Amino acid sequence: MKFERYGIGIARGMMVTFKHLFRHPTVSQYPEQRLNMSRRTRGNELIWNNVKCTGCVTCAKSCPQGAIHIETTVDPATNKYNVLKIEVDTGYCIQCGLCVEACPYEAIYMGYSVERAKYRRGELVQANEMLLASPDRPASGYMNPHIARELPRQTLLVEKIVEKR
Amino acid sequence: MEVEKPVESRCFDLQTELDRTEGANTEVLKAKSIAPIPDPDEWLEKSLERNILLTTVDTLVDWARRSALWTVICFPACCAFEFIATAGPRFDISRFGMEIIRASPRQADLMITAGTLTWKMAPQVRRIYDQMAEPKWVIAMGACGCSGGIFASSYSVVPGYNRIVPVDVYVPGCPPRPEALLYGVRMLQNKIAREHVDIKLPFPLTGTKKEG
Amino acid sequence: MYIGLQHYLILSALLFSIGLYGALAKKNAIVILICIELMLNAVNVAMVGFSRFVVPAQLTGQVFALFIMVVAAAEVAVGVAIIMSLYRHRETIDATKVDLLKW
Amino acid sequence: MSSYLNQMLLQHEASVRVPPDWPGGYWFHWLFFTVVIIAFVLTIVMGFIYFERRALGRIQSRLGPNRTGPFGLLQPVADAIKVLLKEDIIPDKADKLVHWLAPIVAFFPVMLIFAVIPFQNGAMLVDLDIGILYIMAVSSVSTIGIFMAGWSSGNKYSLLGAMRAVASVVSYEIPLVLSIIGVILLSGSLSMNQIVIAQNIPFILLQPLGFLLFFISGCAEINRSPFDMLEADSEIVAGFHTEYSGMKFAMFYLVEYAEALAMSAIIATLFLGGWRGPVLPPWLWFIIKIFVVFFLMIWTRSTLPRVRIDQLMALAWKGLFPLALINLFITGVEVLLWPAGLPWLAVLINIVIMVVLLLLWSRFFKLGWGRVEI
Amino acid sequence: MLAGYGLVALFLIVAIFFTVTMIGMPIMLRGMGIVPSKPNPVKNSIFECGVETIGKSWVRFNFRYYFYALLFIALDVLVIFLYPWAVGLRELGYFGLVAALVFVAIIVVGYVYAWRKKVLEWK
Amino acid sequence: MTIKTEPFVINFGPAHPSTHGVFRMRVVLDGEVVLDLEPVYGYLHRGIEKLAEQRTYTGIIPLTDRLDYLAAMSNNLAHCIAVEKLAGIKVPERAEYLRVILAELQRLCSHLIAVGAFLNDSGAFMTPILYMLREREKILDLFEMLSGQRLTYNDMRPGGVSQDAPEEFLPALHKFVDQMPRYLDEYDQLLAKNEILLARSKGVGILSKELAINSSASGPVLRASGVKWDIRKAEPYSIYDRFEFEIPTGTAGDCYDRYLVRMLEMRQSVRIIEQAMKQFPSGEYRSRVPKLIRPPVGEVYSRIEAPKGELAFYIVSDSSIAPYRYHIRGTSLINLTALRDMIVGWKVADLIVIFGSIDICMGEVDR
Amino acid sequence: MGLAIAFWILAIVAIAGALGVVLLKNVFRAALSLILCLLAVAGLFITLSADFLAAVQILIYVGAISVLIILAIMLTREVTQGSPSGRFRIPAFIVAVLFFAVVAYAMVNTNWQIATAPPLEPTTAALAGKLFGEKGFILPLEIASVLLLAAILGAIVLVREK
């Protein structure tokens, strides 16, 4: 190693690390402090609106994964589709959002929540009522600006002051 | 130092033989892993009843085990960077005492399978898992870990880590956000907290009759 | 029980004989080197024993022992050098295979 | 200040007898200090682990363990219990006996070092006449244990680690031992307690160059970063203890920190005036100084990249060794000039000498890096 | 003095005992079933980044460190002589200083020779 | 010395801490010196090219996300540009600016990881990479704001971007651009002049100009060898011809130069973002494109300057909704071709450093 | 009393170590056994009041010489089976036994002049006077350094590549 610089480079580097001792850590302590995720978060699930949905199956067709299973019957009275079963495998879906983008009736949304870990593989498959929106399953504003407006503002690290203590 | 060989020569003969055996091993493993390995959590419901009888030893052991989960290196693909982000300064997995990432499976407790598992990689992962010292746990991270995810239909991808190793917690997402992973870790900690050690005493102690 | 000079001397002699046996009987040059170290050490024990029991106030034996250590160090350094040199020419460290006349 | 020192010296006269006058005498002294040393080593090592992880966390702009117990204080305890309860794996290919012995051989010498560390004036297990030499001798046994571990595992990474262990011990023993001689010249004694007593001016001021050399080679000796090549995990997985699991691995982990503790304690004793200091009780001063030295180690660890093995050796042989030798003789001359003890003027002189030497050396000291032609 | 070393010896015994207990504890706990033990051939094989090892594990190593070790031995001996010298320098006076200087200088000749001959370079 | 050595074969990877994923090197070592090296690829071969042939042009975008997962935006961009060329789709002005901003942010992001991982490999214990992850988080925040994901954005579409930037995007970007140079200065201060780093990386792993060109390396690896080649300048795509920026080049082609080139490129990226931010127009963010794109029969080869180098897509269309043939010129794979020549003769520690300085992403190597 | 116990323990350990050196097949273990023997001898030095010498013994033998020996062992191909005995095993054994018998007989039957003075303490400063003092072993000392120099030069010349 050259000592042309007489160790000044080392000393400067050490100063940088020393300065960091007196800075605010950037940590958000997860279970207690939560970051507000983006308003367009694509969380680990899908939310389905059984009222708006017409059973057109566009979502299932546009899904690159084929993660959505829809079984429908035709209601002879109204000549409309009746959704018998809609099933999404959360462990197989890649949260790409293409189904949301494709649905012509805005009947399917990305979920806002991400805490969907399970002990068993089978529990990751969600069907029918389990897909409906509920207070602990909020929908996210992905492709849906009107929902996005309601959601809390995203926490940004750029806005956090870390330099001074 | 001079070695007789000229600069251009290679020390390797093309090690086709070696590659062939590795390929054969992969095929054997592939044939064996058609059915998923059952999740090692049948006891979960049962243990809930036993929960009341938890001994102090159980509490201590489980506390120690769940507060010091050291991860082994198994970072095949994209999810690895969400894992690294989790270890990074914003989510900071070190708060749970998990920042020690051991390169050697002998000293690790937890395998976070961060990424796509291909059939070529599968024997290696299985080997690393086998070489981990007991007790050990696996978190399947990401869609690839749960089911093969976006690559499930590919010819070369294992559809889910549960074909190769028993999985304790599935964390969906592609990739799971750091919060999701932390949630999975906490679920694993809860699971460990319910584990029970059977103590075999070399001599019977009077007064402590074993239940059940 | 009194531990006297004789005890140390006999111990020293024993260690020396073991070293001697090894140095004569072994084929591996490195093991022979180890055994020679053992012998030098045995001598050291005797030296320090004499120093302690015969001239306790003068430390002469200890100084001698120090010098023996110097010799041992030099011996190991050169010995290993010879082994390496041997190895380079013969690809062996088997001392019995070394026939100096054939070099 | 000086009256305080005088008072300390007077105290010393009274208490320097070893073993000191204890109720119960010899055996009680032994029992007491054995317990104290083991407790001291274990608690401070746990403290070190916690301190290092927290400090590293802060330096890296995060938090470090804070969930287990209050402020995460129980984290090392949890680690220890967990590691104790891990399965113990001995590879089939390993040399089993040596594999078993290695952690023992690596650990007990480190414990032995603490026998001569003064926690307070005369408060040590035994004040040996050859104190510092004893430490050097005992600590060199530890390396054998590390080498045994690497060699016996039958793992290629471990073997590389073991070879690196030999390489680093071969290079760093000499500058380490030489830089101590400067201190011995000043204090005129090898006994650790006497060295502390001789430090009316802390030797870090009288021996700035010696301190620098000792710190660098000490870090190398105990394989702290930037010289942590034995277990460089970005290079050779976990180095010499790749195959170790469970409690035997924990022993190596413990050795690592106990060695760091020993080195901090030695540096605190040799250069920072050991237990001496105003106001606070001496043992507290001692512990504070230990932590200060250890913080230095953490700090360098968090900043500096690792050096390569040949650079390490070249640094030792071409950089530290000549400097240590020159420093040694300069100190010798100074001691002969002022036989009664060095004045404050010497501080200035020595610092100037250090700067001049370092600058001179930097001029023509340059490490080659070579590609091996094959 | 011997009393002091008696303390050290006793402490040595305690230290070794302590170490052995620390390592022996898991074995005892294994008997009680707290420490798991499920050996199998794969687990007991050598870890090499998840692949099977190629070739044998103990190989003949190149002797690169020899020159360093050689100098190390010589200088270690030198240092040993300097320790008593350092302790007694005040009594020895300038004669001792010169004696040590000569002593060191002779060995340093070897060091310089080694440096000149470029054996201190890692090749 | 002429003592015959017994070279031994050792594996680095696939599960090694510093092979950036699952790369495996079979290395012949003589003690510490590398005598020979054989890379083993394919541990992450996921069949992306084959999968792409069964998907719609929009459905491929999630696949490109996972290609070089450290630079998903750049991959999206490359794919979209290729499809736009093939199908003749116009991109609105606002989308072009947004794309450039995103691509440059992605370059910053990727270089941060590259430099951090390189420093980590050279043994600076975690600190630099953690600092750099902190900056990366700031960029990820911005990406997340736009697309809702942190790593696999799936944000660009042929003909624009999937969603318009929300109103809080520009102020946040502004803040970021303000802060970034200061942090870059700090990184320079941290290690750029560090003696140990210099000793470890200067002159190590030299890739000569000729070899770099012959092995078709690109990106920072090529530029560090002194070749001024950057597709953004040489063959401007998108709207790169509207911005002023320089191409930093190295001289020696050693690890240190590769590191420096990346550090300098980051400053240039910040510069580009600053300019783009000033000119940011309003208007449409996505042109009208049919849901299922059916490009005319034909083929296209289009390339962009991804963070790691020249990233190109070759698409053959048979006028159906999915490509007939989809080929990716993976930058990392091609940069790896000179690996053996760079490493042989160095020591184990250098092996890691040299490998780290190339900055590969296994997703792209094995695809 | 304590001295006697220490002596016996150390003597047994030393002899066991020495026996290990010649009996163990594995060269590496033989070297470890040598280290054990050397450590025991260092302990014996302490029982002889030569504490400085004991430390030096450990530093030089265990710290330096054994490292060199271990390095040399790395050259050996068959470490685990590398220490066979040669043709001369039985003659060597006889020679060793005879040597021991003669020396032991001589030692037991010689009337040593045992001084009863207490051993000199501390030894370090006294050794300094002996070694570097004007009336000490200054000439042998310088000769020792010349010896070391010769060893260095010789070894370099022997081993260095041409």
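By written order: A, B, C, D, E, F and G. Residues from 1 in each chain.
We take it that contacts are C-beta pairs under 8 Å (C-beta built on N, C-alpha and C of every residue); 3 or more make two chains touch, one makes a residue touch a chain.
Given the structure is predicted, the values throughout are model-derived calculations rather than measurements.
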Going chain by chain, each one touching the next, work out the least steps from chain A to chain E. 2
Chain-contact steps, minimal, separating chain F from chain B: 1
Farthest chain from chain E, comparing Cα centres? A
Outermost chain relative to chain D, judged by CA means, is A
Chain C and chain F have mean C-alpha positions lying a whole-number Å distance apart equal to 63
Whole-angstrom distance, CA centroid of chain B to CA centroid of chain C, is 54
Please tell me the distance, in whole Å, between the geometric centres of chain D and chain G computed from their C-alpha atoms. 28
With chain centres defined as C-alpha means, what is the inter-centre distance between chain A and chain G in Å? 72
Shared-interface residues of chain F (touching two or more other chains) are 1-3, 5-6, 8, 10, 14-17, 26, 30-33, 35, 62-63, 127, 130-131, 134, 137, 152, 190-191, 194, 196-197, 199
So which stretches of chain D touch two or more other chains? 57, 59-63, 85-89, 128-129, 133, 151, 156-157, 163, 166, 170, 173, 177, 190, 233, 237, 242-243, 246, 302-304, 307, 309-311, 367, 372-374
Multi-chain contact residues (two or more partners), chain G: 3, 47, 49, 51-52, 56, 59-60, 63-65, 67-68, 71-72, 74-77, 80, 121-124, 127, 131, 144, 148, 151-152, 155, 159-161
Mind listing the chain E positions that touch chain D in their complex? 1, 3-5, 7-8, 10-12, 14-16, 18-20, 22-23, 25-27, 29-30, 34-39, 41, 43-49, 53, 57-59, 61, 65, 68-69, 71-72, 75-76, 79, 82-83, 86-87, 89-90, 93-94, 97, 100-101, 104, 108, 111, 115, 120-123
Per the contact definition, I'd like the list of chain A residues that touch chain F in the complex. 1-3, 5, 7-10, 12-13, 15-17, 20, 26, 37-42, 62, 64, 94-98, 101-102, 110, 140, 142-143, 148, 153-159
Partner chain C, residues of chain G touching it in the complex: 1, 3-4, 7, 11, 14-15, 18-19, 21-22, 27, 30-31, 34, 37-38, 41, 44-45, 47-50, 52-53, 56-57, 60-61, 64-65, 68-69, 71-73, 75-76, 82-89, 91-93, 95-97, 99-100, 103-104, 107-108, 112-115, 117-120, 123, 126-127, 130-131, 137, 140, 144, 147-148, 150-152, 154-155, 158-159
If you look only at chain A, which of its residues touch chain D in the complex? 1-4, 6-7, 10, 13-14, 16-18, 20-21, 23, 25-27, 29, 162
Can you name the residues of chain B that touch chain E in the complex? 1, 18, 22, 57, 61, 104-106, 124-125, 127-128, 130-131, 133-135, 197-202
